[in-house]
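Okay, structure first, notes after.
By letter and in written order, the chains are A, B, C and D; residue numbering begins at 1 in each of them.
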Amino acid sequence: MSTRVPLPLWVDVALLPLLNVLLAFIIGGLIVLAVGQNPLEALNIMLTGAFGSGRGFGYTLYYTTDFIFAGLAVSLAYHAGMFNIGPEGQAYLGGLGVILIALPLNGMHWALMFPLFIIGGAAFGALWALIPGVLQAKRGSHIVITTILFNLIATPLMNFIISRILRPAGVQSDESAPIEMISRIPRLRDFIPFFGSAPANLTIFVAIGTLVGFYWLVWRSKFGYAMRALGHNPTATRYAGISISKMIIITMVISGALAGLVAVNHTGGAAEGRLILNFVGGAGFVGIAVAFMGRAHPVGVGLAAILFGALTQGGLELAFSMPSVTRDMIVTIQAMVILFTGAMGDMLRIPLERLFGRFSSAEAK
Amino acid sequence: MQFFFDMVLILDSTIRLSIPLLLACLAGLYSERAGIVDIGLEGKLLGSAFGAAAATAVTGNPWIGLLAGVGVAMAFSGIHGLASINLRGNQTISGVALNFLAAGLTAFLGQSWFGRGGETPPLTGPQRLSPIQWPYAAELGAFADNADNNPLLRIPAEIYSELISGQNILTYFAFLAVPLTAFVLFRTRFGLRLRAVGENPKALDTAGISVTLLRYQALVITAVLVGIGGTYLSIAQSAGFTPDMSNGRGYIALAALIFAKWRPWPALLVCLLFGFLDALQFRLQGINFAVVGQVPVQFIQMLPYILTIILLAGFIGRAIAPKASGIPYVKER
Amino acid sequence: DPAVIYDGGGKFDASFNEAAYNGATQWKTETGGNFGELEISSDAQREQFLRQFAERGYSPIVTPGFNFVTALQTVAPEFPDTHFVILDAVVDLPNVRSVLFKEQEGSYLVGMLAAMKSESGTIGVVPAFNLDLLEAFACGYKQGAVAVNPDINVLETYIGTGFDAFNDRPRAVEVAQSQLDQGADVVYQVAGGAGAGVLQAAADAGKFSIGVDSNQNHLYPGSVLTSMVKRVDVATYNAFMDEQNGSWSAGTIVLGLAEDGVDAAFDDNNASLITDEMKTAVEAAKAQIIAGELEVHDYRTDQACPV
Amino acid sequence: MVTKQSSQRLETVAAASPAIELRRINKHFGPVHANKDIDLLVRRGTVHGIVGENGAGKSTLMSILYGFYTADSGEILVNGTPHAITDSRHALALGIGMVHQHFMLVENFTVLENIVLGAEDSRLLDTSLRRAREQLRALAKDYGLEVDPDAIIEDLSVGQQQRVEILKALYRGAEILILDEPTGVLTPAEADHLFRILRTLRDEGKTIILITHKLREIMAITDEVSVMRQGAMVKTLETAQTSPAEIAEAMVGRRVLLRVEKDQAAPGKVMLEVKNLVVADDFKIPRVKDVSFSVRAGEIVGLAGVSGNGQSELLEAITGMRDQTSGTVYLNGQPLSLEGDDGAARARAAGLAHVPEDRLRMGLVTNFQAWENTVLGYQDKYGGGPGLSIADAKAAAREHIAKFDIRPTNAELKTANFSGGNQQKIVLAREMERDPDVLVIGQPTRGVDIGAIEFIHNEIIKMRDEGKAILLVSVELDEIRSLSDRILVMFDGHIVGEADPATADEGALGLLMAGVTREGGTPGPGTMPEHVTPVERTLTEFSPKDNSSKDVSP
């Protein structure tokens, strides 16, 4: 009988995920083939679209920024044993926080505004997660329901605020007054022309910093220790003298704050520079996929966010260059990537283990 | 009296609005009771709505549509099972993948088959699953509408003709599914094992019963129920498929399931409550209230969700999920 | 080549995106030319797609929907040699043509028809959600109805709270049903793809409905009273054609009844539903409006409806 | 000391044909060779003991026999015929039943539902349950296995849960019964009762395999005993011809001191004082009723009592794990504020250390690496600011591992992958190395092998001698008696008596634990059902959750 052999580390962290992505692309390629297009060409278009030009790469980074924040929001709550389905609404409210700070101070230099945007977005995102957190901590209301409901409440609420309160007279689209250019977070192209017209702005560095901070918070801080303890064993958490209710609330607040940062990228960024109806556009939900695919670890979340950013951007290029490949197909391909790299990640593990088992036993003999 | 008649109509609307939720909720109940978290209900609803509408559009027969709707849900459950039972993958992410898959694939296939931007051709007449009129419903309806008749007789006549009669066959099925589920779950051998596998799969395994088989059985029932729910959306409630037509109902069903603490009768109540608040909300839009005057419509639209939260926090308390749900069963061999 | 970028609802929303598509297709069949097209799936893509087309030399680029204003304001100056067209909004730039529709005028006419057809004295309008553009439809409709019958009761119920509502056909059915339950016998849908559910509910109940954007009279003949058509297709077609003929012009074009930009649809499918009397009344009002004797209030100017 | 009776028994044993024969069984878990060429012969109608250190491979071997694991190689013979047992269903069909070390019960099901689960004889549950109820009544009568069929498992004491497990096996017609550490969680009385049941079963011709760490039990009930060490079978002995010392030496590979040696205590000032404490359980039922006592520096106070009489709640209240209804706890003279869900932190800050009764549920996060559990509860002490000093934590973990001989010695190993005994040592080390003023310690040696027990006991004594105040709760009366300087007995939420371990005999203590006070009064509600047999009476005496503890005659 063959015994299972643990795989070498490089196989586990590099080869296996790579094979899984490949598998997803093969299935996606079959779909492309089904509409009579050349899958290799499609792949080429996607890759060059996402990474081949400064502009394309800039877009990829722009989407990646959103997905990092939303993914980290889900990941953080996950470590404390909670499933935050609400980043979509939290990010939406974050936009309100950004614009409420931006408008009164409109015209101030961006370098001063940037940190304020971060505070505003984070504070309002946090607020929108605080209530579900408190309800979970004090009343035991399941976080999954409350965050779903808070997403549903955010839509009409923001609709009202944007179209009835913030929209300046004479403007037809549902959006707030614009933030002045000087106050907006500059795009990357203002520093590196390479990025062309892409909307990616300095917020990407905040996102990268947040990844590092997330690692520190979860694995290097006392708070993170308490949070992980709670996620694994609430009874032992109380035993350790950690207040469970406090942990739940604080964790949700930070999680919501992370989601709220999505708004900094949009509302405070040079490209949008205003609060627009429905600006989140599903990034919060993509965050769920990103968090789980990235195994709630910042490295994983970062990679998954880039993968999804690239899929979004490359997919758009693909839709552009191959009109018969629609945006629905790109969603389908994303589904394949989630499925194979996320849910079925172990499908190739067993054959691989056999393979390596054979090698190592051959060596032993 | 008028209030009463309005109420009957609102309840009628309540029923129609809650049926897809109820079917999805019961579907989720089987899978989560068996220890498999199903956040993919949304995708399964959407996929089966498409399957049903597409098959009906092609064959003209809604029963074939129903089969196709269930078939699609079955296929989705199959993927979910393969990922989360055999491959011990993360159940949540598998569900998320299904939601993406449904959103993408339905629109894509719809477009390439029917060329209407993902919509199926509109279904007419016998292509739809239509309401069933009970005997004398029309007569009693007319009786109830006549203000000269005895109010005490008009009330039951109205209830019979509006609420009991004239519902869709899938509606009757959904209501039947509640006692049936309660029976299966608490009165049969299968139900006992199902509940056990969601609480402690090891107990079942050591009792010599296959955890894998049982979980697949649960997923099959899930597929049947949610498949009927999707079918209801596209060929009973509406006359065709539009992309993204499930519009979050799967998530709400999930919320209802937790709200109901994974029990069938409370699930019925919660789904009816959600439906009722929604139906009421339609009526309240644009009404002038005595004290506050006209409330912005957005706040009326939030009302059902806010009320739900208040109910949840105020009265329902902690919901404890089946212990093993979400955890893949790993047995060292 | 010319190009179209479709907004949120998607290319086949059975509404204005689809109308733009139809106009472009008509141009394509007539001239044999090719056009580019893309559907956005998030807000950032508006700008992105505009640039993509412009960088590759497409012109004119048609963008249906006021949501493109901001994107266009950013991108258009970067490509002064490219022509852009925006529908439903104004962007005041030398290379942008803005096309507006007087939805309130067309809606006024169908509102009249609804009021004349109604026996119960209650009619309804079902917008997808609380959005100014859709309110303009609803407000014109109410004015027309009140003009015919000052005592008429016009119900207005939104399907949902955001853009998702444009997809939720089952809910549209229920919303319409709730209006029918309240006694409405004509309902006007202003909800794109979901709106088909409104027509369906009315047909099921043996009541009347009114379609929107394109002529939907054929969907449920005998039940769809009329449709408020908005000639986005014409606007698109004209833009493409003008470019080809070298007669392209910037500036704002407003298409109302006078310009055939909006109208109530009469065809064989609804001939039996419309009496001569009704038709005469509508024609008269139309003439008045065209002549400027009757002004239909535009909700968008002050976010209020006089009736 | 071979008595006549046992010599007769010996002859029958030798004559019995083999029920189970294992040949050259091998099993690997990744790199771990858990079973190495194991041979084992179990004779029909005997009780066969298996002993070995934690992690020796006992549970693995039995799981293979039960079809829960599949052996890498080797042969299984049941009643002389070879069988490839592929799953538990197969084993059950061969008449093999197993009571697992960690119970395989569905906690929110009733007893009856658990018993029929997987062995239902009809598609309809009611029918199955009705038949099972009858059969259960018969089984209960035959073997004295009384348990309320409609009780929910969660509400039962562990002893009763175990009875359910045994009933489960018997209900399935098991002829060969495997029990993996059945007494690890039982009180001595419950264990005695279990053995009576096992003897009855054996006398009926059933075969029993018993895994245990308690040599007293091996000596008391088994006919033969097999010793395992590090995955290998060391030897099989006839119980009547061996001694605990011999078995212990075979197990551990060195001589083990089976007694605790300690000097007279020198109690100092009162360190822990409890005044009028009232504590309710999760269902708001009072479990600790107006309890007062104190523990001095340099003494070990043992809290004896049948489990379920409030000791657990008392312990949890003192340590901040459970809200108290009223009363005060003083530490070193200062009242301790314990309210809120972070009371445990204040208790620790005041100098109280706590080894919880249930290490898996409370004392450890099993998903954490060992070093992370080393700082559990003391996380704020590692690192100055908001950061956790991992280097310090790991250093502490390595120190603990070395001092307490925790194996494997890898501080970065996931805690779940340590054996129970080693997990226990991780908790003990953490709490004892903190130099607390007061140590509250529950079930210190539950499920731990004898080598480790010796070490743990010595450590506790050492702490006492250093002047710590120690409150000890254990269901092991032996342990309480050999470690404590004073014994408090708890019954029905009250402290009903105090005893001197040097003088009090087991019988007297047992009576106190059963609620019989010197005045002859018997507190506690409930009446004895009429049909009790002597066996059942013993049972109910020691099962407070049966709610029937009156009229106990000595």
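Just so it is clear, a contact is a pair of C-beta atoms (placed from the backbone, for glycine too) under 8 Å apart; a residue touches a chain by one contact, two chains touch by 3 or more.
Protein identities per chain, from UniProt: A, B = ABC transporter permease; D = ABC transporter ATP-binding protein.
All values reported here derive from a predicted model rather than from experimental measurement.
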{"item": "By number of C-beta contact pairs, the top two chains", "value": "A-B"}
{"item": "Whole-Å gap between the CA centroids of chain C and chain D", "value": "76"}
{"item": "Rounded Å distance, chain B centre to chain D centre (Cα mean)", "value": "47"}
{"item": "Separation of mean Cα positions, chain B and chain A [Å, integer]", "value": "30"}
{"item": "Centre distance in Å when chain A and chain C are each reduced to the mean of their C-alpha atoms", "value": "36"}
{"item": "For chain A, residues that touch 2 or more chains besides their own", "value": "152, 156, 159-160, 326"}
{"item": "Of all residues in chain D, the ones touching two or more other chains", "value": "none"}
{"item": "Multi-chain contact residues (two or more partners), chain C", "value": "130, 161"}
{"item": "Complete list of chain pairs which touch one another", "value": "A-B, A-C, A-D, B-C, B-D"}
{"item": "Chain C residues within the chain B interface of the complex", "value": "10-14, 18, 130, 155-158, 160-161, 164-165, 167-175, 177-178, 181-182, 193-194, 196-197, 200, 219"}
{"item": "Contact set on chain A toward chain D in their complex", "value": "1, 3-6, 216, 220-226, 228-229, 232-233, 235-246"}
{"item": "Interfacial residue positions of chain A with respect to chain C in the complex", "value": "55, 59, 62-63, 152, 155-156, 159-160, 163, 172-175, 178, 197, 199, 266, 271-272, 274, 276-279, 281-283, 312, 316-317, 319-320, 323, 326-327"}
{"item": "Complex contact set, residues of chain C against chain A", "value": "36-39, 41-45, 47-49, 51-52, 66-67, 69-70, 74, 78, 88-90, 129-133, 161-163, 300"}
{"item": "Residue ranges of chain B in contact with chain A within the complex", "value": "79, 82-84, 87-94, 96-98, 100-101, 103-108, 111-112, 118, 243, 248, 251-252, 254-255, 258-259, 296, 298-299, 301-302, 305-306, 308-309, 312-314, 316-319"}
